[in-house]
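Every chain is named by a letter (A, B, C and D) in the order it is written, and numbering of its residues begins at 1.
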Amino acid sequence: MATAITDLSLVHEFLSMRKATTDICRPLLTEDYSVQPVDFVSPPKWHLAHTTWFWEEFVLAKYKQKYKRYNDTYAYLFNSYYNNMGDRVDRQMRGINSRPAVSEIYEYRAYVNHQMEQLLEDEKNNKELKKLVEIGIHHEQQHQELLFYDIKFILGHQPYHPAYATGYEMKKVNVEEQWIDIDEGIYDIGHSGDSFSFDNELGRHKQYLNNYSINTNVVTNGQFLEFIKAGGYQDFNLWHDEGLFWKDTNQILAPLYWHQKDDVWYEYDLHGLQPLVLDEAVRHLSFYEAFAYAEWKDMRLPTEYEWEVAATHLNKGHTWEWTYSAYLPYPNFQKAPGALGEYNGKFMINQMVLRGSSRVTADEHSRDTYRNFFHPSMRWQYAGFRLAKKML
Amino acid sequence: MATAITDLSLVHEFLSMRKATTDICRPLLTEDYSVQPVDFVSPPKWHLAHTTWFWEEFVLAKYKQKYKRYNDTYAYLFNSYYNNMGDRVDRQMRGINSRPAVSEIYEYRAYVNHQMEQLLEDEKNNKELKKLVEIGIHHEQQHQELLFYDIKFILGHQPYHPAYATGYEMKKVNVEEQWIDIDEGIYDIGHSGDSFSFDNELGRHKQYLNNYSINTNVVTNGQFLEFIKAGGYQDFNLWHDEGLFWKDTNQILAPLYWHQKDDVWYEYDLHGLQPLVLDEAVRHLSFYEAFAYAEWKDMRLPTEYEWEVAATHLNKGHTWEWTYSAYLPYPNFQKAPGALGEYNGKFMINQMVLRGSSRVTADEHSRDTYRNFFHPSMRWQYAGFRLAKKML
Amino acid sequence: MATAITDLSLVHEFLSMRKATTDICRPLLTEDYSVQPVDFVSPPKWHLAHTTWFWEEFVLAKYKQKYKRYNDTYAYLFNSYYNNMGDRVDRQMRGINSRPAVSEIYEYRAYVNHQMEQLLEDEKNNKELKKLVEIGIHHEQQHQELLFYDIKFILGHQPYHPAYATGYEMKKVNVEEQWIDIDEGIYDIGHSGDSFSFDNELGRHKQYLNNYSINTNVVTNGQFLEFIKAGGYQDFNLWHDEGLFWKDTNQILAPLYWHQKDDVWYEYDLHGLQPLVLDEAVRHLSFYEAFAYAEWKDMRLPTEYEWEVAATHLNKGHTWEWTYSAYLPYPNFQKAPGALGEYNGKFMINQMVLRGSSRVTADEHSRDTYRNFFHPSMRWQYAGFRLAKKML
Amino acid sequence: MATAITDLSLVHEFLSMRKATTDICRPLLTEDYSVQPVDFVSPPKWHLAHTTWFWEEFVLAKYKQKYKRYNDTYAYLFNSYYNNMGDRVDRQMRGINSRPAVSEIYEYRAYVNHQMEQLLEDEKNNKELKKLVEIGIHHEQQHQELLFYDIKFILGHQPYHPAYATGYEMKKVNVEEQWIDIDEGIYDIGHSGDSFSFDNELGRHKQYLNNYSINTNVVTNGQFLEFIKAGGYQDFNLWHDEGLFWKDTNQILAPLYWHQKDDVWYEYDLHGLQPLVLDEAVRHLSFYEAFAYAEWKDMRLPTEYEWEVAATHLNKGHTWEWTYSAYLPYPNFQKAPGALGEYNGKFMINQMVLRGSSRVTADEHSRDTYRNFFHPSMRWQYAGFRLAKKML
């Protein structure tokens, strides 16, 4: 999506993106589609339906004349969090609805795909529509990544750790690490130009940065293992007060999906439970754990500005990376009118920014200005980090 | 099961009972098998597996030489509450395991059925085994009834109330009600004879009863509706202190599955959402609601002894009936040795006894001495009541 | 109160009972009066006020002409659980009200005492009033015992275990234990005659008992220590399912107030933290623990009927004793009209009966027909037990 | 404290600050000292003891030879959150300890004052000590302000709203509001120079600001009332997603301490329940409410940098003011070694910065660089806000 959408390709791009979503679900059993082990994990079936609901409610209902919804009750069932779109099923209740069946949701997707295909052909010159379709494509790509997180959580928390599929193994971080020095001064931050971005990246603006050094590499499993062995989880001086409480309450002793058996460490990944690979990027960490590691090293996490300014020099794409920036609006942030105004702005509190992209981010869904965000305690997403420090 | 099992029929009886279990699940979609909307509802898949685990662990592992379990991990996955049988999945976590698949569970059932068939033929004269098979059959029949409760809860709590199947409609209580007078005196209570009973019914013993009158009929939907209309849910003097708290906290204003739309009352039942049928037995009540109704009538619930003594005169079989007896051991109650000792005894606290049987109780699974039991606030089971009073 | 109240003594009895209440509080600091460490413990100040409120609302407001309340707002502040008496402060919120001051509550007591004194002199021949005063005296005596429980809990849960006072040490159970055999047959149960009783003891009625043996003595600290040493808290087969959950969740390993330091056991009592005295009655046990001990001994707890029938032969008065009877109404139980009807009846669910009396029960506040009751998990009250068994 | 401490005045300053703490408590009854209505409110007694503990553990134990603690157990009882200082009473348990008595705590204070007086005279030239005493004074001044918050909460949540004292009424915001324009450019942020500051203000550094306008005045009760009347609490588009959840869960419809009776608004303040004064600063707001008001006005809150740069032009001192800045470390933030390193750094997550000072801030305890911080949902502190906007 880094390039403008040409008239000819939009239908193709839409359909190929839609197929990518269902491709992710192909290895699943019917049983896997409906499970919700915790509040923040949605059943795969729900993602398939909600991303379809998005096209129906935000595009078809608005642009297609006399559009007849596939099923009127879905407006209620598959709304995620849009207050402007009416009532909805409580988030933690998504896993109790065994109906509509998985096959029904696939029919719903096919129906909406067909309707969209017609609409896009009928309205080739409608620029406003194109803009909306771009957003819809990026919205669904976000859910593609969430599907990986949720599937991994669902299968990875079953007693016998079934594998999802091969083909999603991590790349090794086997480039030697270096420190990049960045001089103090005024830098431009944020998205500009005609290409797609979310509203939270807009409002390119000046930011003053002090001298700093940033590492080319993300921290690896092997490096994080040193922290564990050195007693990092036990040294309270390395932790935020709330991090300490979170860690102790949840008995956290290692990244999510790490398992120790007879002194050997294993990691559950999409291809099953595997011996820990030391030169892969460490992932599935909370902000608290990333922060504690940096404290232990007497360094710190980069801010999102520092990350963005140095981005062209970094070895990235392994995992999203926690920054030491709170998710707050850029100066002069403007939220979109109507329901799409709920997309980003209303979440700008109590969350930290992550930059980069991960092994399971959709192609063309990463940008150096992209602002991802999660609560500091969340770690089912692909979240790792890199170090920064004062320039020597 | 009220009669002794003959040698010829045991295999047949076993297999036909096993088929009855899967027959109950036949109308379900694959998606319906794995859902656990609340702690006390188990996924249908779990019932299918647990009842099979019971045969494997309590019978085959003990009586079949060199028995090879279908899958060793199932011993952990499908134990319900038997501490003597080792660790198990936490009850509230049953709904997160999408694996093993439904089809796998059916294969598990077929495997165990086949093994059991062989065993029963090989051990035709083993009386100890027969005794155990009797218990196993009654155990699985209890789960057959629980399957109805859980399926009804699962489907009945989905936003659009899908029906399960026809054929399970309630019979009407259309016999005129009468009051039966029972004289004071000493009565024998509890099971005796060679026919099957659970351990909690045994120890036939004397009980002194005062004069009382008991109604031939259970209370109907129509009668309970009068209570609602008279403000019974609002009059605190009719309620236990804990009943009041339970009612207010959960905003209870009617029996479970009752819905009011535009001043018309509907009831969700296995055949879907239907206008309330006034002359059906009222069900899905907590003990608190049954008690409050009786208070409103200036009467009371019968004790389980009063119920048992009058049983031959009663119009029953519509629904289990709350009694005003706590579930405590009979004098000289003996719990079985080993894991089966956990079947009843350890639940004899904080629960109330229900007598009778319901529309979805397995045939041959009701006895006048049968002691069913639930916590006073539970109402997803078929629970109604009848009235008793002082003899005039 | 076991004898009828004579006209001459009622004022005296009232005032001396009132003084006994404040005598209990004399050793307290002002700070101790307002603390509420857990929901079920009320601040001593609250007891002083609530028992006064009772006289004001149930007696003075009704019988004294143009009675002027001490402070109109107290009707709301010091109602305990009487729905018929209007709104009230939530139970768990009693500890946040530092006002009215302790001194103010003492003035409130003095005011009401004076008013009562006048009333009782003016209405010497009012039998209905006398009846009510009897209830009020017994009500306040119940709160006298609760004051001991709550004060002990408040002081006993402070980090350095301050003593309350001397003079309340336990008597030793140093009579040799015997087994009393009781023959099967019909026995009369419940209160009769003109002397005072609560409504829950009334309705003397026949009860059939089987042969049984009951121990003359309650179980001692030393005997219970054997259970602990034998691993009784670890053997799941001795416990109710809910007892096991309660014990594990709350990490219960000994009676409340027992502390182990360097292999020596101590018990906190009203005179401070003391080495455990082996021949005192074990107290501060839940029903679950009493039951588990009996299971370990292969015996059982007596029912409340068995206790009452054998009462004249028992060594009692050390502690209240759990029975294996649920707190349910006697046949033909009648609750009083109006607010006093809330005194007992609405609590008749989910609780077990205790019989006897304790070291801190008010004199003249014990009867062999007295039915005390608590939830099975409660143990801040003086609760122990004795054993029963099948007659050999 | 804005000026350097001279040798002559340190003892005097210490003692006068200590007296100010106890002066705040003078209007309290003994009963008021021990109450903890919610987790985040500490009993006044605890503040008196903890601030004394601070001197004992951080100063006397370190600098006074052979210092004998007043009571060794206080090290455990009155530690707040310093992991480096050992175990402590859980925060939410502070209110259950009626002992030590209030009078005992006053003796503790007197003892430590005396010891400090001696120490300060003996060590007149110890600069390290002076530095520490400065921190201790500011620490206790923070608790002086917390005492006002906690006392107000304790008294203000009692059913009949007792007044604390007069003399703490708000000043009216009766200067006409203006908009101050600040030009874009690089500004210096943070504390510099020799005067006292906390570690979180240090590291003066450059910050680039865009053009902005900031209001000279904080928002008043009257202005906020307009928001309420316009339905601001009901318009979900004005709220953060978590703000909405917080508001609905807690049924928030107005600032804390506002009460509406018969269409008239009252505010509880230290001098009691009073009709709302429209031209006082609105206080006791969460960040969410301040944000929603700004959204309603189509403006925003200033960042902490914008506030600091404009500070000399602002009408302030009424209330702390929420900013739209997360509480994160300044570039090159250094936390102090040892236990004092826990003072600020470990709280730098999930909180928002407030600037300014309030009506109950200790004299000399405000600075334009001062960074106060609270969780966005907290509002028992004096928290209001002012508006900022894009320069026109």
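Brief remarks follow.
The definition used in the following text is that a contact is a pair of C-beta atoms (placed from the backbone, for glycine too) under 8 Å apart; a residue touches a chain by one contact, two chains touch by 3 or more.
Everything numeric in this text was worked out from a predicted model, so none of it was measured.
Ranking all chains by how far their C-alpha centres lie from the centre of chain C, first place goes to A. Averaged C-alpha coordinates put the centre of chain A at 59 Å from the centre of chain C.
Between the Cα centres of chain A and chain B there is a gap of 46 Å. With centres defined as mean CA coordinates, chain D is found 37 Å away from chain A. Shared interface positions of chain D, i.e. residues touching 2 or more other chains, are not present.
Applying the touch definition to all chain combinations yields A-B, A-D, B-C, C-D.
Those residues of chain A that touch chain B in the shared complex are 29-37, 45, 73, 76-77, 89, 95-99, 101-102, 154-155, 157-160, 162.
Residues 81, 83-84, 184, 186, 205-208, 210, 236-237, 239-244, 287-288, 291, 300, 324-326, 328-329, 331-332, 341-342, 346-350, 376, 390 of chain C touch chain B in their complex.
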